[in-house]
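There are two complexes below, and they share subunit A, which is joined by subunit B in the first and by subunit C in the second.
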Partner chain A sequence: MAQTPTIARGGNSSAPARGPRNRAARTRRLSPRAIPYLLLVPCLLVIAALLLYPLVQMLQMSFQEVGLRQFRARNPLPAEFVGVDNFRQVLESELFWTSLRNTVLFALVAVTMTLVFGTLVGLLMHKLGPKMSIFVVVGTMAAWAVPPTAQAIIWKWQFDADAGIVNWALNLLPDWLSQAVFGRADWTGQPWLNDTLSIYFVLVVAVVWASFPFIAVSVLAGLKSIPSELYEAARVDGAGAVRTFWKITFPLLRPVFAVLVVLSMIWDFKVFTQLFLLAGGTNMPRDAFNLSVWSYVEAFNPPADMGLGAAIAIVLTVILLLITSVYVRQIVKSEDVR
Partner chain B sequence: MKISKIAITTATTAALALGLAACGSGESATEPQAGATASGTGPKFAGQKLTVWRLGAPNEVFEKYMTDLNTKFTQTTGATVDLQWIPWPDAQNKWTTALASGEGPDVTEFGNDQVAAWVAQDALTDITDVVKSTPDFQQIPQNLWSYETIDGKIYAVPWGGGTRAVLYRKDWFEELGISEPKNWDELRAAAKKIVDEKGSDVDGFAFNGGSDANMSLSPFVWSAGGDFAAFEGGKWVGKLTQPGFKEGFQFYTDLVAKDGVSGKSRLTLNSVDISQRFAAEKVGMYVTGGWDIATIEEQSKGKVDAAKMGFFSLPAKDGSGPAPAFQGGNDIAVWKDTDAPELAAEYVKLAAGKEFGGRYAKENGLLPLYPEALAEYANDPAQKAFADTFAVAKGFPADSNWAEANDTKAVLQNAARAVIGGDKDIDTALADANKELEDILNQQ
Partner chain C sequence: MSPTARKRLGRVALNTAGVAVFLFAVFPVYWMVATAFKPNNEIFTTDFIPFPLDPTFEHVERVFTRGVAGHSIWRYLLNSMIVSLGAVLVGAVIALLAATAVARFRFRFRTSFLILLLIVQMIPSEALLIPLFLMVRRLGLYDQLLGLVVINIALTLPFSVWMLRTFVAAVPKELEEAAWIDGAGRTATFWKVLFPLVAPGLVATSIFAFITAWNEFVFALTLINDSGNFTMPRALTFFIGQRSTDWGAIMAASTLMTIPVMVFFLLVQRRMVSGLVAGAVKG
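And now, the complex of A and B:
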């Protein structure tokens, strides 16, 4: 089911055959073994130019003192190598721990909620008739298609203190209910985007709203591939919906979930646009920084310190790579066992 | 006239013949032909183009001033002007981008307190010789050149002196029977009355917590006898924990936290955001400069017109007179990366010279720097609030790192938010801010 073993097997079995065949073909035409690699070259070149070069440059900058004087287009000063000084600054800063905390906790909450909600909607769409299913798919995909900037603006308005629909709706609740649940009855002018906790609450809502449709549609695609006999058998055996899900759907869709978790984790770890706009740009409370915003602020807010910004970005990337690789390894291991 | 036309045609043809060279504003400025053809007989810089950045939002009055200025400039030099308006709060980012990309202005307007920080980034041209050789500039009093002079070199020319006062809704004051506040208690009472009568989404006295928050906070702390920092024994010593500062800071944050005369959800607005709310009839009073009147009139489509607005000096706590306000001002400077420093200097000479410099101040709601014009001003009732305040104006710590503490790191904005949100008590917040301020000001 997973791709890794397939590739590995292909590579191993062909290795001994390569030598002789190559020698015979060299004079006349390209070896058929080389053709796939040749076809990959343009793609690799594009990736190298667009992805690797910036990465390498960022890595280089993270070990240098780079400010506007070094970065300017005309008469720049040479960038000075400062060793791990930028990284030391990152780790010593109080902002590192608050941003790390915000980044990780947000990713945990957002990924969990996106997956749970997305799966539930996917199951719902599977149950619906064709017309209704298409209606729900189109409806949710519309939310997914909204650009991050627009998402942030939309939710900023919903949670606006004076004109937002959220405060309005909360005010419509009967006073005793609001009092019992939230401990307050009056929501007029309640600011949502001042404190870290409520900023992140709004952010989770905005991000989950925009990212669950992708999960739902992917899960739906997976569900369509499961033979219906399995479900019939389960029904005959008297399994309920929950049991059916955990015993049939989940194990069969495991690879789908694995990919979705990794993707969601990558997306939610590096969330920037929505947070930046919701919380008020570079002037947001510093307690609400996540690693991406902090990196941006250090790198581009005057006085620009791009070396420090790059170092933060590297730290973020490394953390993300670590988490993802551990997770992927675990998936691959459990695949092998099966 | 005829010759200049020929010169322009020649230059244009030459530029076209050279192809793409004419497309970039920077490139065409270096064309040697243009100058050579016309030298001695006509405009020296015919066919060249100068990019000028003005800060603020354009409105009819400013547009007319710039059109007059640029027409005159084209007449005398033959060069055309590409005028761009940059909102004040975006200026820092725009200059950063300009340096990084090399695609910047030739001449730019500047806030005088920002000059030092950008000279440190090597962004401005040393124009000492231009200033010394221009008779008009020699009439600007020497004490007004302090922000512009760094290590004995001059990097900008003062264009207009600015100080801030309280802009208020005159019609609301009349309607509610409020008179101009003479001390802090009256100010608070007036703000409360506005909120009570005009609705809870209206700010009686708008709290500024954005990039220019200190313009709004400083009169309160200065009036109570406090200050931000002082240069003592070769280094900056923070003064935020002193009783005077604390008293002003307390009053300012209490406007939101205790008195509720400014919305708790609006702690990050800068003066531009607040002026937009003022135009939407959601603000009763806020601290700003005279330039906002024309913009508000235009933004509200005449609903809030000049007759409904007025200025008063922010009073001292005990009512002993106007509180000291930030002694600011706008400068005009030559960008370091310009291809045409000579032409740019010509523009500065014309714009900040007696004729256009005087008009700039007057039409922008700023104070003129030429002594005669300033003397005229004191008799104008509309400008009285500014003239009075200017007499007791003060400055922020004169250090190139101040801009970082002031808006990038937003030290006091964050402290104010922590106090208003109840995350820290006022003493802790100010002690933390004081340490951070010292660290920033004393860094190399």
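And now, the complex of A and C:
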């Protein structure tokens, strides 16, 4: 693809001989070598001004004291350099360990469950007849399309203490079973969104529900690209379903899984909207914070401490960039950027 | 058991699993819509009422007439529309220029640019919240829809370029070369040949960007204070943290917010998967 001359290179040695005069004149006016750079200028400006510059600024702020005194209307103080004070404060805060624990554990559980369930549904979609397969794909699309704010609201409603359908369904369990498994028979009025563990339980359910369709459809797309002869050969050789998956499907789809794992990690590590809304906004219990919410609360809730918020965000970004480098390498390796 | 019977049993099991997955995915959405059309006595009950026995438009009507947080929901739908369309229209032009550059030209730093795109896509937007908040305030765009438009352009641009470049690359170069030989200039070739062929891809990319901007919550929460400038996701949070939640109204509002996304979603679903896992899925 790189070797064939493109129209865009019209100004190179071969072009003037090919076309009418006026074009040669036009290309002389604007050096063709400059064209791609000119086309990139607006995009680069946006990226530089709104993504890279803020990133640098955030790094700078994490070493500064940027609080109320810097924002008051009358003679605001300049931001003061405080060295690693913010980071020390982050590491010494007991909120750091709870929110780091919440972030990491939630990501691990949610990513694992999303991937396992999504893959199983993808395999199921592949096995089903054509009509049934489309039926399931369209159904999962409904969950996938719901905006994150609405996801939170939908699940908040289903887990509502008094009129929620989950408590109604749990009440249907025979009393002896409910008693034996959960130690209680009556679920009416059970609040799900008051303590950290059950908030995260609901969050996992909501996130898995909203993100398994993407995994399932991606796996389905991958499965369709595997030649069916391989499966026939496996069947002839008497391989079972599990063995077929690990020996044929998984190795062939390894690159797809690599990208799916990393994307899910990124999404689940920084989950904000769903957690923030499910747990009740800034009034949520402090030990339910994850790193994103904690950073937001420190930076924007009075007394606002933006330097501290920035330091927390830096910690989150570093973790994410480490994970991301795997994804970037995978894409660069697959020759897609060359 | 005979082989055919076993096969039929397997089919039944698979289809049952299919129906179960369908119900798991669809039920919560159905429940949102059903609640939006139930009268309050069917909502606030410990009984299970599978569908509105006495369907009512009172909640839908209420969010339009009496409104949410002091304004009719029209206002928020309109605000969301302004922010999303504004971001998409400007973003699409910028993305198309950049995508043409990387898909049609070979130049130094091309690979570096693509890697830069990948990396900025991965910066968590939540992490940029604080500096962008300060920047927006300094520019006098705090509490203005324009501020959200600008932010959403930045949030959607890297992915738009990434997705669009595959569409530009898919247009055969021979077509442009033919126009070139026929004497068409560079601009004419772009508008008459490349643009019409890339248009479907541009629509798909724009819809994706639209959905992202429509759903954006964190910046709408931080950069907007006046309820007259709330977008839909921000307006919905008005209900959260209230002592007694008006579930009928909140479900009506959520349904209204979800409908446009769902329609668009069905249109671009296929391309979205290929865009996100581009490079990993071959063929």
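We adopt the following convention: the second predicted complex is superposed on the first by the 267 of 338 C-alpha atoms of A that agree within 3 Å, B and C clash if a C-alpha of one lies under 4 Å from a C-alpha of the other, contacts with A are read in each partner's own complex, and residues count from 1 in each chain.
Note that a residue touches a chain if its C-beta (ideal position, glycine included) is under 8 Å from a C-beta of that chain, and two chains touch if they have at least 3 such contacts.
Only a predicted model underlies this, so the values are computations on that prediction, with no experimental measurement involved.
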item: Partner with the higher number of touched subunit A residues, subunit C or subunit B; value: C
item: Partner chain in contact with A:V328 - subunit B first, subunit C second, else both or neither; value: second
item: Which superposed partner A:P191 touches (first subunit B, second subunit C, both, neither); value: first
item: Contacts of A:V146 with subunit B and subunit C, given as first, second, both or neither; value: second
item: Subunit B versus subunit C as contact partner of A:A234, first or second or both or neither; value: neither
item: Partner chain in contact with A:G280 - subunit B first, subunit C second, else both or neither; value: both
item: Contacts of A:A161 with subunit B and subunit C, given as first, second, both or neither; value: first
item: Touching partner for A:R33 - first (subunit B), second (subunit C), both, neither; value: second
item: Which of subunit B and subunit C A:N301 touches, first, second, both or neither; value: first
item: Touching partner for A:L223 - first (subunit B), second (subunit C), both, neither; value: neither
item: Interface residues of subunit A shared between complexes with subunit B and subunit C; value: 160, 162-163, 188, 280, 283, 300
item: Of subunit A, residues touching subunit B in the complex; value: 67-69, 71-75, 160-163, 188-195, 280, 282-287, 300-304
item: Interface residues, subunit A side, partner subunit C - complex; value: 1-2, 4, 6-10, 18-20, 22-23, 26-27, 33, 35-37, 39-40, 42-44, 46-47, 50-55, 57-58, 61, 121, 124-125, 127-128, 132-133, 135-136, 138-150, 153-158, 160, 162-163, 165, 167-168, 171, 188, 209, 213-214, 217-218, 221-222, 225, 255-256, 258-260, 263, 266, 269-270, 272-273, 277, 280-281, 283, 292, 295-296, 299-300, 306, 309-310, 313-314, 316-317, 320-321, 324, 327-328, 330-332, 334, 336-338
item: List of subunit B residues in touch with subunit A within their complex; value: 92-93, 95-96, 99-103, 117, 120-123, 200-201, 209-211, 263-268, 270, 337, 403-404, 407-408, 410, 413-414, 417, 421, 423
item: Parts of subunit C lying in touch with subunit A, wherever the complex brings them together; value: 14-15, 17-18, 21-26, 28-29, 31-32, 35, 43-48, 93-95, 97-98, 100-102, 104-107, 110-111, 113-120, 122-124, 126-135, 150-151, 153-154, 157-158, 161, 169, 173, 176-177, 179-181, 183, 185-186, 189, 214-215, 217-218, 222, 232-233, 236-237, 239-241, 245, 247, 250-251, 254, 257-258, 261-262, 265-266, 269, 273-274, 276-283
